[in-house]
Each structure stands twice: as C-alpha cells, then as structure tokens.
C-alpha cells in the first residue's frame, strides 16, 4: 500500500494566523486603553464602527453565499439600492416596519432570482449580469422616486435588558435596532450553515467542483439558484437597513458604492462570514475613526487625508497581511451539464 | 462578417447575411426600447415623444451631434481601459480614479505652464495627464503582482483615494482664486480645440481605440498580455514575465482612463473642477461589456450611450421625462445583447462561431 | 467579426430613434386633443419640437404649471422662466427645490415655467442653451458650480435675464444677477441657538463637503455663533469624507455620524449638507432630549420625519429671493451684479414653548447686531 | 469463469447518444450479470465515457433503453442511478479538492443529526468501517488535495460503496496506478464481486483486461465492434479489434548511442506549492542521444523536478547544468533559448492557450523572434505559415490553423504542443506525461517523434506515470520515490515487476 508522498502537515495558513492573532491582540489592547482613558468616545467610535459595518457585512454575506456556490455577484449595489427603495415605499404605504423589512428582503431576493436566471439559466457572463442589475436599479429607483413621501420614522434600538448595561460591550452590541441584531445573528448563522450543515457542504461542493456534486445527484442549478436568491435577500436586508434603520428615508443613489465596498470586504474576508465581518469592522472602524479625528479637530491634516484612511488601511492590510485569497474554483463559470 | 458581396449576388441573399448578423442586436435594441416604453407608459409619459426628443437631442442639430461625440469621448476611453484590462485577465474597476488623476494632472500642466506654443503645450498636457493615470493604474497592478492583493478591492479603494486626493488638490495647492474649489483655467495653448462642432478629442479617442486594437492583436506586447489574461500558467511556461505583464496591463489601462480624464479637462471643462467627471469611470464598465471587450466595438458602444446621454436634456425639455430613464434603457440593452439566448429564441437565428465571451475568468 | 454586432446596434438604435422621431410627431396629433395646429406658423423654431414639447408639458407638468399659458416663449406677450438645476433633482428638499418654488411664484403671476435637471456637470451650458434657444425670458441657474456657464450664456444672450443662485459676480453683467446669501450669518444664529439650548456643553455639526462654499460659510458661522454665546462650548463637526458626487447624497453616513456625536454627549446637531444632513436630522429625531437644526429652507416642511427634534433651521431664503428677482425682470428693473438675499432662523414650530424668551430675545439681539454690523461672524471667504 | 447464467442486473438496449454533430454512441447493447466483471475496451474518444455517463444518469440517451434489475429505468440525473445501486468512479476524479475524505464521501448522501447539521463523527466512522471492510486504507480526515492519486481513487470507490452500490462502473481506474497498486485494485474488485457486486471496468490497457475481466466488450467510434472472452483472446487480437487495424504495441527503436551529457542535475532540492520539500536531493544525468525515463507514482516529486528544470519553479538548493551552463536560477525564457523543449504535464494548464488559434499556439515559444516578430510588431503571415507547415507535418486535425485550440481533441492538442516544441532547434527535450489520455494513433505518432529526436542527438527526459510508456521508450530508467531517485536501471534490467516495486518504495 503506497501512502507515501503524503505531505506531512498543512502549514500554509500558520504564518497568517500568527500575524492575525498579534493584530487582534493589539486591537484589543487599543480598545481597552481607549476605554480607560476616554470611555465615552471609545464607546461612541466602536458603536459607530458597528453601524458602518452593518450594510457592508450584509452585502458581503450576500456575495459570499453566491460565490461559494459559484456565482459572482457584482450586483450587490443594485440589489441594495432597489431593496432600499421598495422597503421605503412599503414603509410609506403600510406604515409597518416589519412588512417593509420583508419587502426589502423580497426585493433583494427577486433581483437575486433575476441574477440566477441570467447566470445559471441563460449562462450569461456573470459580471454582465451583475452590471445589468446595478444600472437597472439605479435607473429605476431614480426614475420612479417621488418626493413628498414620508415615513413614520425608523427602527429604534432595542436594549437587551441587563446585557445593555455591561460597560463598553453593552452599548455597542446589546443596544441596537433589529436589523443590526439580525446581522450579527446572520454572520453566525451563515458560518454555521456553510460549514456545519448539509446545505453548506453542498454549496461549497457546487462552488468548487460542480461536476463532482452533479455526479452524486446534487442539483447544481437548484443549489445555485437558491443561494443567489437567499444572498439577494440578505443584500435586500442591507437595503432595508439603509432606509428603515439607518436613515428612515430613501434618497436616490443612497447606497453610494457600499455594494462595491461589500464586494471588497467579501474578498478581504477570504469568503468566510467571520472574515467578512472582521473586514467590515475594520472598514467601519476606519470610517468612524476618521469622523472622530475630524471631531477632535486638533489635527492640522486636511480632512481629505483623514477621509482616505479606511481605503488606505484596507489596501495596506490586504497587501501586507492577507495577500492572495483563494477563490472558489468554479466561480464565474456557468455549469454545462452536457 | 462576409465582406465580399459579389456584385451579382442577389439582394435577398445579401439580406439574409445582413439579417443573420443584425438580427440579434436589432431585436435586442427594439426589446430594450419596448420595455423602456412600457416603463415610460407606466410613469405616464409618452414614449414616442420621449424617444423622438432623445433622437433630436443626440442628432437633431450639428451642435447636438457634436455633443454626442463629446459625450462618447470619455466613454470610449473609459471603456477601452476596462476592456483592455479584461484582455489581460484583470478587472479594473478603478477607471474612475485613474480618470480623475489624469484629469487633474492634465489641468495642472494646462494652467501651470505658460507661454508654450499649442503644438507642444496641448500634447504635453494630454500626455502627462495620461501618464499620471498610467502610474495610478500601475499601483493596483504592482500590488497584485507582488503581494497578490486582489485588483477588484484595490481599485475600488483607490477610486475613493483618488476622489479625496483630487478634492484636496483642487481645494488646496492647486486652487483657483476665489471661493470655488477648482483649479485655474488651463492656458489657451493647452486646450483641445473643436473643429466646427466636432470635438477633436473624439478623434483622439478613436485613434486610441485603433491603437489599442493594434497593440493587442498585432504586437508581441499584446500577445503577451492576452496570453497572461487567458492562461497565466501557459504564459509563465512560454517565458513571459507574468508580474511585469500584469503591471504593464494595468498601467496601459490606467493610461487610457487617464487620457479620458485629460481630454475632459483640456477639451470640455477647461480646468479641473470636482464633480465634473463623476461616474465616467463606471460607465466604462458598461461600455466594455456592451462591446464585449473588443477595442473597436467600444467606439459604437460609447456612441450609443453617449447619444443617449447627450439627448437626455432635450428629452427632459421636450417630453418632461427624467434623464434617469437613460440608465434603465442602457441596462436593458446590455441585458438583451448579452442574453442573446432570449433574442435568438424569439427570432430563431443561430449563434456565430466563437462568440462566447468570458470575463469572469478574471475574477480568480 | 464580433464587434460588427455593436456597430449594428448603434446604427439600428439611431434608425429607431429617427423612426420614433417621425412616428412620434405623426402619432402625437391624434393622441393629444389640444395639439397646437396654429403653432405651425411659429416663427423661428422647428415645429416638430414644439409639438413634442407641448404634448409633454400636458402630461407631466406639475399642477401649478397647468394654469400657465401654453404660449410661445419667443413671442413678446408670453413671459417664460426656465430653471436649470445643479447636478441633482428638482425635488432635492434643498436649494434646487427652493429655487424652483421661487420660480413657481412667478408662474402664479402668469409666467410659463419649466425646469431641466442636470445629470452631468458638463451639461450646464447645453441645458441653459435649451431655454435660451427657445426664447425664455428669464433663466435661473442654481448653484455656484453653474457660475461660469451662466456668465458665458449671459454674454451670449444679452436679451435674457439670468439669475445665478449662489453665484458671486466679480464684475457686473447687466443681465446677470448673482443671488447670494450671507450663510455665515444664518449659521451664526443657529450656533447661538444651539449653544443656548445645549445642556451638555457639546454641540455638533454634520456637514456636506467643504468643496461647496455655502457649506463652509454655514459651518464657520455656526461655530462662531456658538462660541459667541458660550466660549467654553465643545464643538464637534465633520465634513463628509467623500467627493462632491456623494457628499450630499449619503444620508446613512449623516445618520451614523450624528449618532456618533450624540453618543459622546452632543445634544444639538446641525445638519447642513443636503440629504446627508437630512439623514443626520432624522437620526437625531430618534434620540430623546437632543435637538436638531436644519439648513437652507425651513426643514419642518421638507423633512417631516425630524419633527420631534427640529427646533429651527438656518435658512437662506432662496424662494422669495428668486421670486423677487423674476418679478424685477418682468418689470424691467433687473438689477445685475450681486443681489443679497435674506437669511434667518426658521420658526420654532412645536418647540416654540421650549425655547425660552430669554433665548428668543438674545437671538433678536444677535440678528440686529448682524444686520447693523456690530457683530461679525468672522467668516471671510477671501 | 463464466457468469452469464447469473441474473442480469443491468441491460442496455440500442443505446444511442447524439451530440450536435457527433454520434457518440450508436445502438449499443450490453448485459451485465450479477458478480461479473465486464470490461470495456476502447480508445480515447471511442465513446466509453459517454456510454457510462448514460448508465449513470449524467446523460440522457437519445434513443434506447436501460434496464436495471429487471426494471426499465428513465434516469435524469445521477441521483436516480445512485438510488438503483449504480456507483461510478470517474476517470477524472469527482472529488472536491479542498474538502476532507469524509466530506467527499458523504456529499449528496449526508449523515445529519437533525436540522441538516452534519454528523461528521459518524461520517468519519462510516468511512473507517468501509475502508476496513474492503481493505481500502484511507484517512477520513485528510484533505483530498493532499492525497496521492491512488488514495484519491480509493476514496472514489468508498464513495460508491457508501451509497450501497452493487453495480460499480470504474472508468480507467488503473491509469494512474503502479502495477502493485493496480493488482491491489484487482484484488479489491474480486472481493467486491465475491460479495455480489457487479463491475463494469473501462480501460484501454489490454493486459489488465485479460487478467481481470469475465467478459470483454470492445468499443470503436461509438459502436460496439465485438465481444470476447479473455480466455479466447490475446493482446494483439484485442488491439486490432479496438483500433481497427494492425497496431505496433512496441515502440520501434534502435539501441541508443549516448554522447556527451547535456543535462546534469546535482543534489537538487525543490519545494511544492505548499512549501513542503518535494524533490529531496536528486542527482541525474541525461546524455545526448539517449532517452532517460523517470518512472514513479504521481506526486513523488516528478512535477516539481520538471518545473525546476524548465525554470517554472525555484530550486531550493543544488545545481542544474544544461550544456555546461548552470541554469539553476534561469527563467523559463532563458532556458528555452538554450534549446530546451518542454512538453508539459498538463497540456491545458501550461501547454496551450485554449482560446487561441492553432497558429497562435504554435508560436508560443518563439513569437518574439524573427521572422514572427520584428521589434514588437508581429507578422501574422509568417505565424500562419509556420502554423500551416506544422499542422501538415504533424497531421493535426482539423487541419485549420484558425481553429481554436479548445475545440481540438486531446490527441490533437498534444500534437500541437509537440509540433511547436520540436519546431525549434533542440538540445534537451523534457517530456512530462507526453501521451496522457490520448488515442493510440496519436500515442504511436508522438512516441515515434520522441525517438526521432533522440536519434538526432537530442537528450530526452521522459516523465510518465504509465509504466509501459517508460519501459517502451527509455534507454535508461530512473525510478523516483518520495522526492528521490531510488534507482537507475538500464532498459535491459528494468522489468515491470522490479520497477513496480521500486515505485512503491520497496528496495528491489
């Protein structure tokens, strides 16, 4: 029996893990130090970090669910925008925030189905499919948006009883509006589903090696459809977050490129939910930090340079520590059965 | 396409040939316009009035036609930038940033130097602006080649950085007198003139498209870039420096985008002013996809979109239809052209050989 | 070859457009009962164009416009006013909308009015031309960014009066009036109000971008006013980090930033930055005990979601300013040069009882001081 | 042993499969009896895989019927086949490289514990049980991409058994195995049939068919051209039936006349993609006018060795000398320019640019040189001329230089590479798996070309996992195991058995 030549260990990630650990410890020390010296500001910045990261995490989750099953989704921006619009309309006309959230989710899901139709059934190039959604959403929402529609306001934070009173952690994690909670749960849920359930195993198999999945009787098309639709729903949630939770109103083009940043966050996070969350938090933190630096007002640096911070930081971290990301092998390729 | 149409060939035969290649785009555009018309009807507008106003605004007068060409110019270059990167297996979402950098640097050369003759000043400003775009484009290329950082992320990030950078320059060191954040106007000698109503910049863009095509398909550089784009393993095997080629591809892509910005500055705006170049880089993605990444195809794709943009004001004025409908129609055309399966199913025309385009390989 | 396709698309698209143009003109007549046959005799302009224009005006024109005479703008009797927006929409709850409302005042007086929304900053000239070529009598252009295009057009069309909102005129052109506002004074009042309302001693401002001069003026005035009332006040303010194309349309950033400020003790937030600022106002509305101050117009009307916090707005009265200038043009008394419009604080509405008489009187004093020059905001745009 | 009196478990009646423009299977009839090993013999492209894919529900037959265990079945996907007890081990393994053995085995028939949660512990135990029961040693927690091919194949068999397959289709299972491993597989197959599993065994290796099959069916150009019983057949008779003409099974060559050394490798160390030591101290010499074959099971460092030789991979330490010059740190271009031709192991990954035309592919190693380019300007007429000549000389089909490489068959793709590599003056030829997965005609042709190169004083290094190929071609045979050359044998010393044992790591 020849089992020789089996490599001894899988060591590729070790180096990165150590650096990640050091980085994490440094961040933790920084947070604790900040909390000791200036608890109010630290809490405010970290809470802002979480808020800024929420639409990005949701967008990234949308992207990664799709890509894990082999479908590129660069239409996240459009899905978010359209869902934000429909959620807003639902809020205006029903006055029921829950219905509005559902409307947002459904809108995202419908666009997800459209993307799946283009990339799975029509076998169109997936980047074109996403671009169609982006332009279409921008055009339709701007075209049909009317002024004078007002809502009953937005979702308010729900403190989670005594948890919200824990210093530092309480105000940041346990005093949030519903979609933010949902996002935190979704990060864990998607992680769980992707890596610990039958559905996740099949999804990853379809994204890596669709014919292997096909040969054991898994319906590749169905898996891709459902994943892209659910992903669209999650992007729709991000849109609903914008209109129902963050702002309370809709404005044209209000996504402002967040869908694209979410894409970056997804790749940055190496196609894992927690990775994406971490990347989004980093991004949110840099955004909150640049606001805080302007608040402080002591720096003699033009605010544009402070404004570059999130983007520069992302590039530095990406180039310095993360490096190459392993993309699901079958991503972007339509599956041809015969 | 069959070009040797025998003079004796009967017309019906010729029509068949024409139909076979024209059918899909024809039907795609008609479908897009039809769906657009339905949307217009829903919103209570008159589609015919809207479309006729659009046509008038794009072609109705020589001035209108000039504006169509003017609009198409940065679209051609932005589209070329994206298409060129696709050929090298890279997805350059950073056209916007490269364009902004090109625009502001061209402006700096335009207003910063005095007394040069036109024949030197204008080309110099154009070249330096384009080169600035090239340098800015080479950054994500180098990051990709040496650290593996994905160009989709880095180009998106660099877009934001470019906005901040140009805003800072236009409101800081290079700010014009007065309270408005913008650079001084460029010198007369740096301006790209118009020829009657025809902007000369358009011809630069067309030349750039032809040159890009030539570079890609007739030179060893293009061969290397395409080889890396299609199969970087084979490129390595063939002794092509893959890292170098990636950087070069991004630099040329950035050069094209930067040139788009420079022409806007030198030929249209006359200075750099924040907000005057918004969205052009992103339109480049659409153009490249419409053209199926073919450098020559970029020209008509840009003309199509440019015409719609140029006509949109007239459409507002004559038919009171908001300009955003243009985006909708654009998306629909892109959809129907790409989803030729649908169109073929409707009109039953078989696909031509080798028509498949895959861009998504540039993802991984 | 592959790309022949796209060439064909273009050709076909244009053909389709031309066909639509012909078809459009032909089919419109039966569709629109009021098709103006008499217009065929119109003097200079292409008849097809007018037919389309008329027809469209019928369908889409806002209610206010319906009363307007459907006359030919190039004729002497018909007074026509056109408005070109800055990049953005007519219903932006901000300066475009305020200016348009000013134009509508003229419409009530019998003028024929229309607007064009600008989608691309490079279209300013073209959009102005559309009105100019159609014989409009007054053209309103909104925003400092249109200054150059407006000045050029004013030189080309000396018979048309131009009103440039937020456009400073360095030299006087008789048929061009820049409508300017001392935003710093409005900001000063808002700052003084905020400083007096604040109990925590921290007040915030969430701003658009410093690329736009009026925003800077509001900010500087706000800070000066707050410090005037309370030299120890803690001011936290921030501009949007993005470029001009997003700085005013990012309500999510506005909301989150307002929240970040509230979290560190700010109890008055000044939202000055179009939709970005509106996002901040709505966010503040959800927080007990925090006031918000709007900008440009009385945002009580434009952002109802913020009623629970909106104590006032730092107004620049664009609407009456535009209305007044149009009236002057119609009367043949167009001033040219710079015209300074009014600024001030909007009514307190529901908060009237919460704002003490003491504060009200101090604001009156400040207002008087600003008027007679005894109080200076310290803002000097150079 | 005749098992035809046993019950029929699977029957195909008049199966036909048409693809656009191709008749892949034409009216095929077959019967499989319980516990029988039915071998299908046929060249690459004969339609074996199409037939099996229909039996496995991957393709829907254009015409004809499939009966399983006495029931007529309509299968629209592999799930239907699996439900009826049909299992298949594909030639190209259908395993997800980044997943573990256990995950791959249960994929599609997962063991879950409520709510869709995977029960990994149970899955691992299941795999352990199966591997013990059938003697298929595999670590269930290992990740597939870390496993050697032989082990991956065992995973595939376990996958089928896990699904309770009693009809097993094995598509070219021995292509990547050592003779010992193949024998082990045959033992497993016999064990399986003893437990009433029926096996369809697809191969193009004649020896194996004769030793293991109960019955033999031969496919050619999509048609069943004959059936035979192993006891009535010889290799030659089967080969003729398979190819349709006389075939020379031996590579014809004269004794070698080795001259000066061209390639010298000294104590070479190379790492693989994951940074593990892969080549660990190789010494080897190849002389002009001789063919040195490297035999070995895949994954023992051959790939890394070849890549280091051709500049595609950095060597950690040691020296590579070609024609007296040390080239250890040269890049691929510099090495090619020294006169090194390289037929890469993976023709689609390294050898060809699929969306390029044949003529573009045929200048991949010289596009930058005159007359194909002057400066940076390429001369397409010259490039096309070159293509035209080579296409004719190497009998590439279709003989259309503007055809895209991706539309060619495997054999023709390989011919394009061979034509290109032989079209420049060569001192050293490095050929890795030069005939993998291509038809007999092309194999013969390429073998002849390699020998012809040798006879023109080229030093040739052939790396192949096909022991027969190495034995047939090489003048000297170096056996590689675990990153080292364990033995170098002359052609005369090298017997299948001896080399096979060396390949498996046992010192002969």
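Read from first to last, the chains carry the letters A, B, C and D; within each, the first residue is number 1.
Everything that follows uses one rule, which is that a residue touches a chain if its C-beta (ideal position, glycine included) is under 8 Å from a C-beta of that chain, and two chains touch if they have at least 3 such contacts.
Predicted, not measured: the structure shown is a model, and the values here were computed from it.
S.K.: With chain centres defined as mean CA positions, report which chain is farthest from subunit B.
M.R.: D
S.K.: Consider the two chain pairs B-D and A-C; indicate the one with the greater count of contacting C-beta pairs.
M.R.: Pair with the higher count of C-beta contacts: A-C.
S.K.: Measuring centre to centre with CA averages, how many angstrom lie between subunit A and subunit C?
M.R.: Result: the chain centres lie 35 Å from each other.
S.K.: Taking each chain's centre as the mean of its CA atoms, how far is subunit B from subunit D in angstrom?
M.R.: 46
S.K.: Centre to centre, by mean C-alpha position, how many angstrom separate subunit A and subunit B?
M.R.: Between these chains, centre-to-centre, one finds 29 Å.
S.K.: Using mean CA coordinates as chain centres, what's the gap between subunit A and subunit D in Å?
M.R.: Going by mean C-alpha positions, subunit A sits 43 Å from subunit D.
S.K.: Among the residues of subunit A, which are close enough to touch at least two other chains?
M.R.: 142, 252, 257, 304, 307-308, 329
S.K.: Would you please write down the residue numbers of subunit C that are in contact with two or more other chains?
M.R.: 89, 210, 241-242
S.K.: Considering every pair of chains, which are in touch?
M.R.: Pairs of chains that touch one another: A-B, A-C, A-D, B-C, B-D.
S.K.: Can you check the complex and tell me which residues of subunit A touch subunit D?
M.R.: Where subunit A meets subunit D, its residues are 1-8, 10-12, 196-202, 204-205, 208-209, 211-219, 326, 329, 337-338.
S.K.: Along subunit D, where are the residues that touch subunit A in the complex?
M.R.: Per the touch definition, subunit D meets subunit A at residues 19, 56, 58-59, 77-82, 88, 90, 93-99, 103-104, 106-110, 112, 115-118, 137, 142-143, 146-148, 150-151, 159, 163, 178, 180-181, 184, 272, 274-276, 297, 299-301, 481-483, 503-505.
S.K.: Can you name the residues of subunit C that touch subunit B in the complex?
M.R.: 1-14, 16-18, 20-25, 27-28, 31, 48-49, 52-53, 55-57, 59-61, 87, 89, 114, 116-123, 126-127, 129-131, 134, 144-145, 147, 168, 170, 209-213, 216, 241-245, 381-382
S.K.: For the complex, which residues does subunit C have touching subunit A?
M.R.: Against subunit A, subunit C makes touches at 89, 91, 93, 97, 204, 210, 235-239, 241-242, 246, 249-257, 259-261, 263-265, 275, 278-279, 282-283, 285-286, 303-305.
S.K.: For the complex, give me every residue of subunit B touching subunit A.
M.R.: Counting only subunit B, the residues touching subunit A are 39, 43, 91, 93, 143, 147-150, 152-154, 156-158, 160-161, 164-165, 167-168, 171-172, 285-286, 289, 322, 324-332, 334-335, 338-339, 341-342, 357-361, 363-364.
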